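Please see the structure below; I have some questions.
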């Protein structure tokens, strides 16, 4: 299979469909339609962890680790926003160790906003956003030290993680922090499951932001992505069925959906 | 109310910039190959992409700024842990200094070698210009160019002699005499060519002249290669290079590897603590993990051979079937979610967080 | 011993001390660890930006922009004239400098311009990235549920494919958030996704273990082999 | 807290014991590595044909990738197949330099009088930026000698007789890719081919990416695979069968350390499950 550099007609259709879905859900939500959202258990754990910090007066740590500026970071910021607001309400200390300078600017913005919404703009401390390092293991060692020195009461690890995941999570374990992790990298989920109180898997990270805020735009996005996923699922089911009947009905089976997606413009006679 | 207007205008501007940020890559994807080539994007794609990278690269000072602000204050006010902050700042400044020094040194080295190589490139250029005089630019007469070539090579020869003297210092590596011998023989060959060039008339380009220039081009390239080895050897003996090696190999690499190695230990604790069979789910995870582990070590094999089942095969099947399927589903789901978020991000379909409403 | 030999010795000895400092964290967070942690952070912070300058900004942008890549022959002619178009890079450079307004209270919105620009670019790239990754993934899943080998039904292969497809669909189903109220088919099937996910994570755990342990082995080999030898040599010289 | 430290100590001890004692065990038989050996063994070259090996790893994954690179190069050197070393990853520059030299030195010690010299047995093409784009243009180049131009020391390839007139990419009879990075391997699979030419590709990966590599082994895009350090260990064992003089002791000790640590890990999982049960049981008794 050759690499994909430009859209094929099939992909263009899917892209337009995706845009239309988002538009439709947005306008539905704006008209007041309330979507059902499945409860995501890890999200309750977020709230109780912050509550526990308030009881013990210990700081809250939130990290997006290796997440680059992009959709994943964007989703993490949604969660950070609601945590920061709660932290501001409880007058707790919030620490956000950072890996990439570009992300740092976005994070600072989000937290400042959350404090303003909670009506505590004055108590926002820019030094709570600490740039540690852009080197994976230097970051991990800095995080380990930070957790121990600050005796964090809760640690939230959201975003993209690589080998350093277990180091971060174990550091939280050692100081007895309540930990919730959400990783888009399946390789690390097993380690989080072993060391954290709750682990959100893959896409639950994207869902949790909407679940927490119930914000119309976020809910609409969630609904639109579910519908697009349904389309993918449908493609797979059809493809499997066609592949299965292939020995008996080769002609029918030759209309594989992959052809629809990957044939390029040249295959169409204008 | 004026403030409110200004604020709105700014927000609109931010949206416009966000949209502009994405439009190039989006169109590049959307347009067919022929259109992309027609627009000239195909030829300049790398240069344009570099432009985008430059914007991000300019953020490189943000991290340093943050660190210096944080730890500098701690040092100045002697807050708790100031000693460690000092160590950090020391590490930072020495690495900046040493890397810069090492880099400048390397740049100088390569430009020195480049100058030696230039003799050969110039000779080929003289030849090609004489054979096919260029239409778009003026070229000096052949004899003037040859004089320039001779002058250039004389200057290079004395620079090379100087470098050879340096490489014979008291702490010279064992390979130095061999390298020097190599350079000297190549230099002699080139010198011979040069003296021949000086003897030959250069009013016009004959077969003899042509052969001479070709030989100079070849010999100068060989000399440059040999010379670069001496340069490298001398470079690795400079104090700045030793400091760099010490910081990079002695500290940076070792600390990184040690941090990574902690994982090997932590995995033990994680396995003991968390792989408890509390439910069907945790039981499945544990069983799979144990089977895969047994399948990849030798002790697993000898046990299995007795039982008549190959643990290697079980491991392979687990990796190929259930693991790949679930992995694929996670990636697909996260990909779709990322796609929707990406559209939203690009078109600034916003609610909170980024360009928020003032309340 | 020549100077390079003693440099190697020093590098090994200090490297061993640094390794032990990190390992001392296993006992307890302590001053020894803290010192090396900060040193590590400092060195990494100094190296990162320098690499961006050395490997990207200088050779790809600044050098051609300043005309340093123009080859000038000894007689004053040039191989290729200077490309003034490179000066266009000044625009993204200046624009990127807006990042630094993040520290200003009054002009922070200027930083948002460049942050927004970066978000937009990464959004558009993600759109393309999704399709080039997802489509082979989808089409690669079209596995026949009944597999025939030499005209006979292969039970094992068929079972494997059925399990593959079922796992894929059930896990995809697990990640629906806005469907599946109580009682619907989707809602009833959703809990089945989780155990299947656990099998996947177990397999990942099992195979990742080897990579993690391998580095521990490498470190122990370094300490037991190279470092001990270097320290012994050093003490031998001192006495 | 105390219990945690005992576990840490146990892990370090399990790893260190075989290294200190020098104890080694026969490694586990891995089909994928055996297939790779046969593939390399079956490569037949005419004068002017070469193998192309990419080393794309930095210090973080050397523990697994270096032994893999070592066994592959050892096999190629023994078979006198000239090797071009290249890299898509900057941090691997030092390994491009050191690993072939170490292998050559070991072989020369093993067989006095025979030589494996730089420029004959191998050349180091250095780090080449541009990843996929670079590979694409390499495939379409009419002459690799001209395309690659110079080695890492700045010497033109025409200087080395074995590599002086390579011709097109068809003269590359085997491609090896040793990496622990994501995406680098994909570049080779996707771009290193053209109409009428699909090279034999073998791959050494870290244990983390084994599940991903299997997809390509299954489809035949990959002819052989070294799975982490265990793969390298079995490969070295197979080499030893054909060349009994080969010294793979260190690698086997490393692999044994790994095996022991795996077992300790499994025991820890068992204890982790049994200990709480025992406690409950005892409490029930009292």
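Observations on the model:
Labels for the chains are A, B, C and D, by order of writing; each one numbers its residues from 1.
Just so we're on the same page, a contact is a pair of C-beta atoms (placed from the backbone, for glycine too) under 8 Å apart; a residue touches a chain by one contact, two chains touch by 3 or more.
Every value quoted in this text rests on a predicted model; they were computed, and no experiment measured them.
More C-beta pairs touch across one of B-D and C-D than the other; that pair is B-D. Centrality by C-alpha centroid: the chain sitting nearest the overall protein C-alpha mean is C. For the pair chain B and chain D, the distance between mean C-alpha positions equals 22 Å.
Our note on geometry: chain C versus chain D, Cα centroid distance of 20 Å, whole angstroms.
Chain B and chain C have CA centres that are 14 Å apart.
The residues of chain D that reach two or more other chains are 4, 8, 11-12, 15, 60, 207-208, 210-211, 215, 228, 230, 258, 261-262, 265, listed in rising order. Among all residues of chain C, those that touch two or more other chains are 22, 25-26, 34, 37, 40-41, 43-45, 47-48, 99, 102, 112, 118-119, 122-123, 126-128, 134, 138, 140-141, 165, 168-169, 172, 175, 197, 200-205, 207-210, 212-218. Multi-chain contact residues, meaning those touching two or more other chains, occur in chain B at positions 28-29, 56, 59-63, 67, 81, 253, 255-257, 259-260, 262-265, 267, 269, 271, 273-275, 285-286, 289-290, 293, 296, 319-320, 323-324, 326-327, 330-333, 336, 338-339, 341-343, 345, 354. Across the complex, chain A meets chain C through its residues 1, 3-4, 7, 11, 14-15, 35-38, 40, 68-71, 74, 101-102, 105-106, 108-109, 132-135, 137-138, 141-142, 144-145, 148-149, 163, 166, 186-187, 189-191, 193-194, 201-204, 207, 210-211, 219, 222-223, 226, 229-230, 232-233, 235-237, 239-240, 242-244, 246-247, 256-258, 261-262.
The residues of chain B lying in touch with chain D in their complex are 46, 113, 221-222, 224-225, 228-229, 232, 253, 256-257, 260, 264-265, 267-269, 271-277, 286, 289-290, 293-294, 296-301, 312, 316, 319-320, 323-324, 327.
Put simply, chain D touches chain B in their complex at residues 4, 7-8, 10-12, 15, 25-31, 59-60, 133, 153-156, 159, 207, 210-211, 214-215, 218, 227-228, 230, 255-256, 258-259, 261-266, 268-269, 271-273, 276. Across the interface of their complex, chain A is touched by residues 22, 25, 29, 33-34, 37, 40-41, 43-45, 47-48, 99, 102, 108, 111-112, 115, 118-119, 122-123, 126-128, 131-132, 134-136, 138-139, 141-146, 148, 165, 168-169, 172-173, 175-181, 190, 197, 200-202, 204-205, 208, 212 of chain C. Within the complex formed with chain C, the residues of chain D that make contact are 5, 8, 11-12, 15-16, 19-20, 60-64, 90, 180, 206-208, 210-211, 215, 228-230, 254, 257-258, 261-262, 265.
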